[in-house]
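In what comes next, chain A is part of two complexes: it sits with chain B in the first one and with chain C in the second one.
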Partner chain A sequence: MQTKIRTKKAQKAQLKTGETIIVLIIFFILLAGGMIFYAKIQKYTTSQKKQETAAVDAISIEQRIRHMTEIPCSIDGTIIFDCYDLEKIKGLQKTIPDYMLYYNSVIFKNSKVTITSVYPVAEEILLFDAETREISTGTQPYRTPVTLYDPLTNMYSFGYITIEVFTS
Partner chain B sequence: MAIAKNKNGQIDVQFHWIFIILIGAIILSFFVGLSVWYKNTQEQKNTANIVVALDSVLDTAKESPKTARTTTIPDITLSFTCSSDECNDYGCASAFSGGGISHGTETEILFSLKELSGNDLITWALEWKLPYTISNFLYVTTDNVRYIFVYDEEHKELAYAVTSLLAENDYLTKETIKIEEPSDFAIIDKNDNFVRIVAFLDSDSLSETTVETALGENSANNKKWDIIYVDGSEESGTIYFSEESVSVSYAGLPLLLGAIFSADRDFYMCNVKKAALQGKVVSAVYLERTKALYDAVSAVPEKSYCSYYYGQDVQEAITTIMENVDILLSNSIAFSSAVQELMDNNNYAVIKNCPRVY
Partner chain C sequence: MKKRGQVEIIGLMIIVIILSLALLFVIKVVFTKKNPDVSQNYQTNTLVEAFVNTLFQTSSGCTTDTTIQDLLVDCAKNPFSSGTIMCSDGRSSCQYANETIAYILQQTIDKWGFQNTGYEFVAVAPPNQQIVYYGSGNLSASLAGETTPFTLRLYPSQQYLHVYLCIGGCGLT
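The block that comes next holds the complex of A and B.
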């Protein structure tokens, strides 16, 4: 009888250790599950952030274009903001290939920039095209209105700048 | 046999507790490690946010010429670097950093000391024109840096020009002292982080001993003061960095102010090179524009008289500026005539109702 009781006690003690181990295993399974879930959420958040970053990039490029000294209208060297000289834009078009590294790395980066005159003269000028569409997908174009000045006719027109940032 | 079994039971209970303690320690260290990692990541993120915000502040400041701004900064030391030996086709190796996070400024013309700390970051910008606007120079300092302008009767014109321009910036900690003789110069310690003495005097005429006695000795790790000597006019002149015993030239007040705000000769020359690169690019655009205007007005009989203002002389003047802007400090005379040519033709074009040259 006594032997039976002692055997039973010994069996009970082994069971308790087993319980602890099982609890720990379940705990680590839950922890791993939580980390996998967190990783998946991060992946989704990262792809969302990528799109947001592309939009922010477009705004940054627009800001850089706005603050360029090459193309804005000027009166005796004094810059007029939000106005672009058409002849300077055309001059910049011809100059960009000579300074491609600078404009590609610093100003326009991975984007396509088009300047469109709407009224009273309709004209479109492709200022820069990164030409990486084969390996990337374009984002929603970002447009901002501008005033365009033609020094030859001394006339102002309404237009907009379109910036498309390419992401891979 | 019963005793042996009892002994087994006792050992099993102890092992059980040891096992619990071990596992508990592992779990605890895991979570402690996770929280330490998260804390470090968040600190880096905050520092990165500070650097990004500062970049935005500097961009905004640069686009507002002749507007002094002050920005409250957190308690970190900002470092600025610019190496004139590492320049390529579009910029020079330069950056600013804070808390281990850095941001490149390869094409931004930014004059500053190498390290800045203080409560308020002071930014100021000036346009650089040749005569069309090439770029805006950005000058960065803090309220903990004191600028002392010392001049005598012989150099007062240039001193007046500089101090009048700087008077537009109320945030700068500055003093202007007129002396009869260099030996009259005296200075009081006001517990500044750094004191720059800008002497419109003959080189090495001020007594460094006087300054050292008042402000303390400079060491390799802790530079408390330095002196630069300026000689020339508003258009051109030389700046002598007494600590390095080297001279550099300037052409125009924006560049002179750049030297006043720069950490040393190398920092100044690095930004001059960046400005020169920008000058080439902008001049190339103006050259194309001038050629296009010349061709366009020449083709219209009623406007053909305007072609004179975009002709060979003007195009050559722009080409001179474009090709020589990187040596403008050593060739300011050729520059002056090219700049004057453009200014004259621009004025005549306006009078004759022709499109402006710039």
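The block that comes next holds the complex of A and C.
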């Protein structure tokens, strides 16, 4: 009689243990799912933040280019706002490699800056291209219209500056 | 015993429903949250001003010494005779300005992804005569944030030429 009761108790205990194990398994599955979901959300928000930071960086680079003393158009010493001298740009292109550290770390940072003339002359000038670009991912390019003055022909062209900031 | 089991199932269902609602809330908040795109707003705001100012300064190519602003002013002064300036290729100032502005817009704003919002470029000469018009994309007029015109004085008269570049449409018509 006592053996029968013992066997019954043991069976009940086994059932309880099995139940506990199943509950634990379900709990850990839910926990793992939650962790994966959280990680995905974090990844998404991080990439969004990166894009935003790159966009703000592009704006600050554009502001720095706008206030560079090397390239603006000037008539009798008076600077014309939002106008860049094509000959000065070509001169700056040649100067940049000699002062790469300065231009790379202070002015252009991790970016690619292109100046495009649309009308009346179609032309594209690559002003700066970051060295670390190969290991980076690009973001939405930032563009702003500018006047490009050619002192050789005394012609003002419609152009724009494209700034692409790269994030690693 | 049977009743207790039913209560447990109802309890489990309530937990599952609460968890599902929480999950849906998190998904809605994280993935559908519209962040104010600082760069896009800045670009749109500065684009209009920079574009029109640059356009006015640009050499037209009509003659050696005329800018697009000169062509627009000439066209606005004589809208019914298509302007007095005759370009080197035989086109009038109005026709030249229209075609050149359309070309510049196609090569720039059209390529920069403003097709979804759409935009309009309009130059209105007195007395309310549209001398230049170019529209592109889906014009909704709902995003017409920049409807303040750029003005050019038509010397020696007291009248002005109004130039509009509206992202989303000007809603002038």
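For the reader, a short list of remarks on this structure follows.
The working rule: the second predicted complex is superposed on the first by the 122 of 168 C-alpha atoms of A that agree within 3 Å, B and C clash if a C-alpha of one lies under 4 Å from a C-alpha of the other, contacts with A are read in each partner's own complex, and residues count from 1 in each chain.
Here is the rule we go by: a contact is a pair of C-beta atoms (placed from the backbone, for glycine too) under 8 Å apart; a residue touches a chain by one contact, two chains touch by 3 or more.
Source: prediction; values computed, not measured.
Of the two partner chains placed by superposition, only chain C is touched by A:Y156; chain B is not. Applying the stated contact rule after C-alpha superposition, one finds that A:T144 touches chain C and leaves chain B untouched.
Once chain A of one complex is fitted onto chain A of the other, the partner contacts of A:I79 are limited to chain B, with no touch recorded for chain C.
Across the superposed pair, chain B and chain C touch chain A at no common residue. Chain B makes touch with chain A in their complex at residues 1-2, 5-6, 8-9, 12-13, 15-16, 19-20, 23, 27, 59, 62-63, 88-91, 106-107, 127, 129, 131-136, 277-278, 281-282, 284-289, 292-293, 296-297, 346, 350, 355-356, 358.
By the touch criterion given at the top, residues 37, 41, 44-45, 48, 52, 55-56, 58-59, 82-83, 118-120, 140, 142-147, 155-160 of chain A touch chain C in their complex. Residue ranges on chain A touching chain B, taken from their complex, read 2-3, 6-7, 9-10, 13-14, 16-17, 20, 24, 27, 63, 67, 69-71, 74-79, 85, 87-88, 90-92, 94-95, 98-99, 101-102, 105-106, 151-152, 154. In the complex of the two chains, the chain C residues touching chain A come out as 23, 26, 30-31, 35, 37-40, 42-43, 46-47, 50-51, 53-55, 57-61, 67, 100, 103-104, 107-108, 112.
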